Amino acid sequence: MFGKRKVAVVGAGMTLFRRNLKETGKELCWEAAKMALDQAGLELRDIDAVVLGTAPDAFDGVHMKGEYLADGAGARKKPYMRVYVGGGTGVFTANAGWWHIASGMFDTCLVICEEKMSSCFPHPAYAFHTIFDPIMARPLGVTLIWIFALEMHRYMHVHGIKKEEIAQVAVKNKRNALDHPCAQLPAKITVEDVLNSEVLCWPVQRLDISPTSDGAAAIVLTSEHMARQLTDNPVWIEGVGWAIDSTYWTNRDLYYPKYVECAAKMAYKMAGIKNPPKEIDVAEVYDPFDYKELHHMEGLRLCKKGEAPKLTVEGVTERDGDLPINPSGGLLGVGNPIAAAGMMKVCEIFWQLRGEAGKRQVPGDPRTGLAQAWGDLMQYGSVIIMRS
Amino acid sequence: MSEKIKEYPGVRIKTADLRAGLVPLVKYKPEAKYAWSAGIAMSRFLEELKNGRILASVCKKCGRIAVPPRVFCEFCFKPIDEYTYVKDTGKINTYSVSFIAADASRVKEPTIVAVIELDGASPGMGILHKIGEIDWKEVKFGMRVKAVWKPPEQREGAITDILYFKPIKEGEM
Amino acid sequence: MATDQITNPLKLRHWFGHMEPDYAYTLGIAGERFFRELKENGRIMGAKCKKCGKICVPPKLYCEECFEKIEEWVDVGTKGKIYTYTVVYLDEHGKKLEKPTIYALIKFNGAYGGLIHKIGEVKPEEVKIGMLVEAVFKPQTEREGTINDIKYFKPIK
Amino acid sequence: MKKEVAIVGVGCAGFQPVTPELSYKEIMFEAAVRAYEDAGVNPRRDIDAFITCAEDYWEGFSIFDEFVPDQLGAVLKNLFTVSADGLFGLATAYMLIKTGHFDVVAVEAHSKASDILTYEGIVNFAFDPILNRPLGGHPYYVAGMEMMRYLCETGTSPEECAQVVVKNKRNALANPHACYGAKLTVEDVLNSEIQFYPLKKLEISPISDGCVVFVVASKDAAEKLTDKPIWVGGVGWCTETPCLETRDWGRAVHTELAAKMAYKMAGINNPVKEIDFAEVCDMFAYKELMHMEALGLCRRGEAGQLVKEGVTERDGEMPVNPSGGMLGMGYALEASGLQRLLEAVLQLRGQAGKRQIEDIETCVVQTWRGIPTATSAVAVLSG
């Protein structure tokens, strides 16, 4: 009923991702936002609306932290909204930016994601305890790694996947991160290093997981006519999708992320994509644990169920492979300031599609890219599809 | 990266400096305490745990017997029809073995955690709990297990009224 | 909206718990310098935006309005004016205080913003908007580089 | 007024000071069932997106939306959280529908404030951890300071503020959703305990539990679903600044800007003439006056006088908070805005029972996110 509007990404920026950064959350927001604006050739006064994404208040340690961060996010006296879907927030915030413009309500929108996990003392792991049901789960002393290990183990069991296949993801992503100037944990490691690393919660080992981090990332979105004025090579947001599964995660089969499939279907439909493995040239898939990259590739229908490990071992997902996955280095390599990590993936696709990814550039002039994030109690998928 | 970008902002703090107290910090302990109303379904569930029974909810439309119980069927979006009990036995759907505590420190004895599909509930209806009385290397997918309850006088109407689930040996039950 | 309700109030359960984590906040790039000046030199600093010229108290790394980085810092003095205030009769748990506390926003000459702080050495009924006040610092040896290095502001006689 | 997006269903559970008989899931389910029934929709089939408006520390969980999809009928559908008041959820639903990709959107916000044992501690936790929080104290000192500045700048009197309490609590007596109705006099209010001078006990909204769910639809969908759509003519929202030091304490700049946006969208040029009644945030009595002025319902400094003259009574020329406001219905955390919106919709539909105002077409709804924020949202509705 309304004319559908095109939405462009015209600038991106990010801070270093590190275990501890000196900046306050507000200052991190400002640094990333300022860079994105500079890249877009815009000033704050040109911005009509601001959208912020940030994960639990229990990390930064401020109730209603969206409100607290507002001035750093450039929201002073502007329409400003915070969206929040756990770990899926980073990519979802870009989706929220999309509807600010696509609705015809605004022509320019600054989209920022921030996380300062180091404020949580003595360890950010404490905050994760608070994401569980207080009656059914918290009394058991549940930790985040417990439940991801349950999911990983189920996934391995159903498909008969070996740990050495999964470890290949950590090797690839940490190596890719060597080329990322913001990366927290870039490294040249081997499958043996992963298999020999400390067992945290079998089958999860130290090198299977991403770190906790501080950081921020931002993009600038505009309407089509603004984008044409600002740049010769805008990147268009062509599809957005998101979906949530039931709270009762022990009532579902964890071997397959159905919710990611639902989110992807929504985005593919909007973008007119019928054959994802053929039509997606580069993908940033959420990888807080190495198995999640594989799990999500399957949910995104970039391959068949159970097939992702094989593709990874064969090198298909390397930067120069047929289906490059996480050329940035992902969360395993670049770091995982939750919401900012998802936004980093959106930034990476922007840079890849513009041919500006430098040493990380995937060959072959990629035209269509996808970023995805995952969150909540193994129940949230958010997807964005961009085209140059 | 734009190759145009020369430098990325962010001032790193070294962990050693933090530990040595060289970084000025403001410390704070928030007051955030709650008394969550358990509500209709979970109040009943907790009460029944005290009696050594596991309560589930039944939706007659889709035929699903769900645990923990809820007042609605989330798929049919209607109130549930009745409550029922499920058995305190079941099989391991998936498991993991934790060598670290909540604060990420190492523990001596690993904790075995599992999703246990309970007998009498619809297929795939599991709960999260611990597994005991077995070496972690012996645990298998699909293994049959049974709840080990606290003595009745020590129960308080909590999920921890079940201490853990233990393997059912051949011939038992 | 269940088909049944619990009708015995004694059977209604509450589950007790809390949000556990504690916090340690960095002061930030601007904050570290602001509080160092407060602690070491007993000075209240503002940050001057080169674009709009506003002197922001407390100082920020960036101008809230122009979004430019701020690099020039100026001393705004320790004397200011009460912009607004209140007399609080309840403590942080909502219990009656024995002696009320006065909170105020103090603005400094020529500066934008100000400081939220307590007012001391005055009776509640004597406080007025526009009243001139000055910062009363803790002795230097007791200062820790926090906002409480200022004990309170007191009226200038 | 634009007729592009409409409210087609509303459901409410509450409001009560405590609700020990229901979990947050159950209270949400109750409101959702009512809203879907009212709209005639099946959430499993007909709703394209679900928005829940919540903040973690109000709930006592991190990532609250984990616990939401089941009771709203949103399993494996596209639900998400807007970390703000429910009126921001309405604004988001408006945007989603205007993209052309969504037809029916559900908006939910609730309060289980009675589950919180340390309300003040949680509000304090929203303060800047470096600059403000170390000062300690009861967080409502901010309201005391703001009221002081507002009275000083506008010349509004304490009696005029007290009159707001008298009016709203009396209006609440006629509202079955309100739990804090009372027949009071101005003297009762003025003689109540001074807590944050000049703010008094009876001028502060007590907390309440409840949930409101709205079903919002595009024009085409709305016309299929109902013959009495309530049109959302405009929405606006704004954050002035989170910094206590650099905000304007004498006026609600955030509401002024949000109203400007909403009025422009709705084509309202003269709110005094074009708006028939208003539901605004009165978390503290003086806030109603401040917000009336910010919404352009009167000139600055004039609101107190209007209240005193009875203009804002239910039978006055510009009724404000016929529901009883938050003073009458309780402060329902992020559901406060939807509490206001509920009354607006019931009034415009002619379903407000004893409280029904005659001859109304257009109203404005406003919410403020409470202490320590300077953020608000505004919506303009018409029947």
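Order of writing sets the labels: A, B, C and D. Residues in every chain begin at 1.
Definition applied: a residue touches a chain if its C-beta (ideal position, glycine included) is under 8 Å from a C-beta of that chain, and two chains touch if they have at least 3 such contacts.
The model shown is predicted, which means the values in this text are computed figures rather than measured ones.
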| item | value |
| --- | --- |
| Identity of the chain that, by mean CA position, is farthest from subunit B | C |
| Pair joined by more contacting C-beta pairs (B-C or C-D) | C-D |
| Gap in Å, rounded to a whole number, between the CA centres of subunit C and subunit B | 42 |
| Centre-of-Cα separation between subunit B and subunit A, whole angstrom | 27 |
| Whole-Å gap between the CA centroids of subunit A and subunit D | 33 |
| Junction residues of subunit B - those touching two or more other chains | 11, 13, 23, 26-28, 30, 32-38, 40-42, 46, 70-72, 74 |
| Touching two or more other chains - residue numbers and ranges from subunit D | 20-21, 26, 29, 56-57, 60, 62, 69-70, 75, 118, 120-122, 124-125, 129-130, 134, 241, 243, 246 |
| Sequence positions of subunit C contacting 2 or more other chains | 1-2, 5-6, 12, 14-15, 17-19, 21-29, 31-32, 35, 64, 146 |
| Pairwise touch network: line, ring, star, complete, or other | complete |
| Subunit B partner contacts - residues on subunit C that touch it in the complex | 1-6, 11-19, 21-27, 29, 32, 35-36, 145-146 |
| Complex contacts: residues of subunit C adjacent to subunit A | 15, 17, 19-32, 60-62, 64-67, 69 |
| Sites on subunit B touched by subunit C in the complex | 11, 13, 23-30, 32-38, 40-44, 46-47, 71-72, 79-81, 157 |
| Touch list for subunit A against partner subunit D, complex | 1-5, 24, 55-58, 61-64, 66-71, 75-86, 92, 96, 98-100, 102-105, 119, 127-128, 130-131, 133-134, 241-248, 258-259, 262-263, 266, 270, 375-377, 379-380 |
| For the subunit D and subunit C complex, residues of the former touching the latter | 13, 20-21, 26, 29-30, 33-34, 56-57, 60, 62, 118-121, 124, 129-132, 134-141, 143-149, 152, 193-199, 241, 243-246, 249 |
